[in-house]
Amino acid sequence: MAPRADLLRLAAVADALLLLLATGLVVFYAPADAVQGVVQKIFYLHVPAAIAAYMAFAVVLVGGLVYLWNESPAADRLARAAAEVGLVLTTVTLVMGSIWAKPIWGTYWVPWDARLVSTLVLWLIYAGYLLMRRIATPGRQAARFGAVVGIVGFIDVPIVHFSVTWWRTIHPPIETAAPGALPPAMLLTFAISSLAVLLLAAVLIGYRYRLEALRERLAAALDR
Amino acid sequence: MRAIEAVGLRQRYGTRTVLGPLDLVLEEGERLAVLGENGSGKTTLLRLLATAARPAGGELRLLGLDASTERTELRGRIGYLGDVAGHYPALTALENLEFFCDLQGVERPRARATLELVGLAAAAHRPAAELSRGMAQRLGLARATLHAPQLLVLDEPDAGLDEEGREVLAAVVAGRTLVLATHDRELASRLCQKSLDLSRRGLEVYR
Amino acid sequence: MRAYLRVAGAVARKDLRTELRSREMLPALGQFVVLALLIANFGFDVGTGGSRIAPGVLWLTITFAGLLAFGRTFAAERDQASLEALLLTPASRAAIFAGKALAAAAVLAACEVVLVPALGVFFGTPVLSLPLAAALVMVTIGMAGLGCLFAAIAAQTRARDLLLPVLSLPLWVPFVVVGGRAVQVALGGGGELNGALALLLDFDILFVVVASLAAKFVLDD
């Protein structure tokens, strides 16, 4: 059962407005950071994208588990849609993070930071997932393999993070931005932009799912 | 109990239907020959009956069990020789069989006994890579019958067999429930009581 | 349990016997190891402190040798068309998987037996080192568990040679990171070894369990 087109369109329009509002807040309302200046505003996209990416990959995990449980094609379709959207969001996270890191840390990439490494590994795992889905025989086989890679991959990510954190303790610590207490204006901006990005992710997954469902229905109809 | 009970059985690759819908019933003890031109779906049907593939539609019960949910149980009761035998080339004929004894959970001495049954005792210690096509086919027959299956599914087992090999084949299938795909109508009528021609879609009974 | 051990043992024995008779993989892997070290020897400036880069060279060589060894174990079954016959038995999928992973791990371990002395020759690292051996054994087990899982997937798809590294390498990162540290310590860098080994053991247990559970879904159809 595909999500209804009119509901999806409604959500898309609502999210477009929300994104506009978030952009407005980021540019005109949120104060510039005392230490980092304007660059800090990247975080209003960077952090929500990271959160949304993790949630998308959690959907891949759950979709995979459900598929292995009852072989429902819908669960697999959802997992696949979420993996694609999650990969795009991870890309956004990495690129935004690098742009931020250049002026703040003086380099695009810090090889021993756990968060950077695990985000990159996350990207690589799901890029591998999507490549595998493209190569495997569509249908049951691709769905099963997808479920396995989606589950094992999700388990691996916190372990990567943990290993690098463990490894780093014997290296000079890197400088991280002190979080501190956020002023209310920043908090509000962050909340609105997070909501906008999460809704965007949901809408994209919905459209991707619907596209796949329609394609399968078309194939079934042509077959008959 | 029925060995095979198929209702509306269908298979497709991608969007192309390659088999069915097909209804088929085989009682225990009966031997069925599956005939048909190249590409008529013989191998596809046999793979379904051997639980090597899952049907795209329809129902399939084998030996009273469901072919898609009770596969593990079925695999201990079905013997299958596919269109490619698939022996381990570096292992000897005997070692190949002994390996499958371990996997099937039957005693290893069965390997040698079965090898003698198909007339390969002399080649027991030759690597499978050095066996001729006919000998490899006999080894395949031995592997398919190693665990005394209740249903035997053979995909063109006569390919590459000499006269003696055909006698072996006849001896192996005697008294068993069998599905056999072949192009040889004479062999089919000799070994089987029924035939199914997938090109014409008709079930015939030999008299 | 007895059936599990019987099947796993039979599969591992079959694979190792095949390897010992055909001698396809081990000579090739041995040569690969020496060639990799030779390339590293010229690629890096070894003149100044070869032992500093030795752990990195060791890791690159092991991961890529592992990809070859694990990929081969399932690709061979598929090329010989024996995978189908193997799977059309009632034997437990987890046991079949365990047997194949065990044999593949043994092949990689044999390859490491060549690698460590060769590393000693090229980079002057210690050859007989118990900590090094311990670290390598633990890493090999975990990498084999995950690697064979993806090798089984890759072997059943088109373009399988491409898929295996893409799936395996990112998931091996924990082993490379922690194992890498253990090897640095073992090869004379400062630091504590036991913590790293304990962590590797945890990873081994986790991934061997996960891979065994997943084997059922990967080795079917």
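Per-chain residue numbering starts at 1, and chain names A, B and C are given in the order in which the chains are listed.
Note that contacts are C-beta pairs under 8 Å (C-beta built on N, C-alpha and C of every residue); 3 or more make two chains touch, one makes a residue touch a chain.
Note that this is a predicted model, so its numbers are computed, not measured.
A centroid comparison over C-alpha atoms places A as the chain most distant from chain B.
Centrality by Cα centroid goes to chain C.
One finds 49 Å separating the Cα centroids of chain A and chain B. Chain A and chain C, compared by their mean Cα positions, are separated by 31 Å.
With each centre defined as the average position of its C-alpha atoms, the distance from chain B to chain C rounds to 37 Å. In chain A, the positions touching at least two other chains are 140. Residue positions of chain B with contacts to 2 or more other chains are 54. Each of residues 221 in chain C touches at least two other chains. Residues 3, 6-7, 9-11, 14, 17-18, 21-22, 80-86, 88-91, 96, 221 of chain C are the ones that touch chain B when the two sit in their complex. Per the touch definition, chain A reaches chain B in the complex via residues 138, 140, 219, 222-223. Across the interface of their complex, chain C is touched by residues 50-54, 72-73, 75-76, 78, 80, 82, 84-91, 95, 99-100, 102-105, 127, 143 of chain B. Remark: chain B residues 12, 14-15, 17, 54 touch chain A in the complex.
Chain contact summary for the complex, chain A toward chain C: residues 68, 117, 121, 124-125, 127-128, 131-132, 135-137, 140-141, 144-145, 147-149, 151-153, 155-156, 159-160, 162-164, 166-167, 170.
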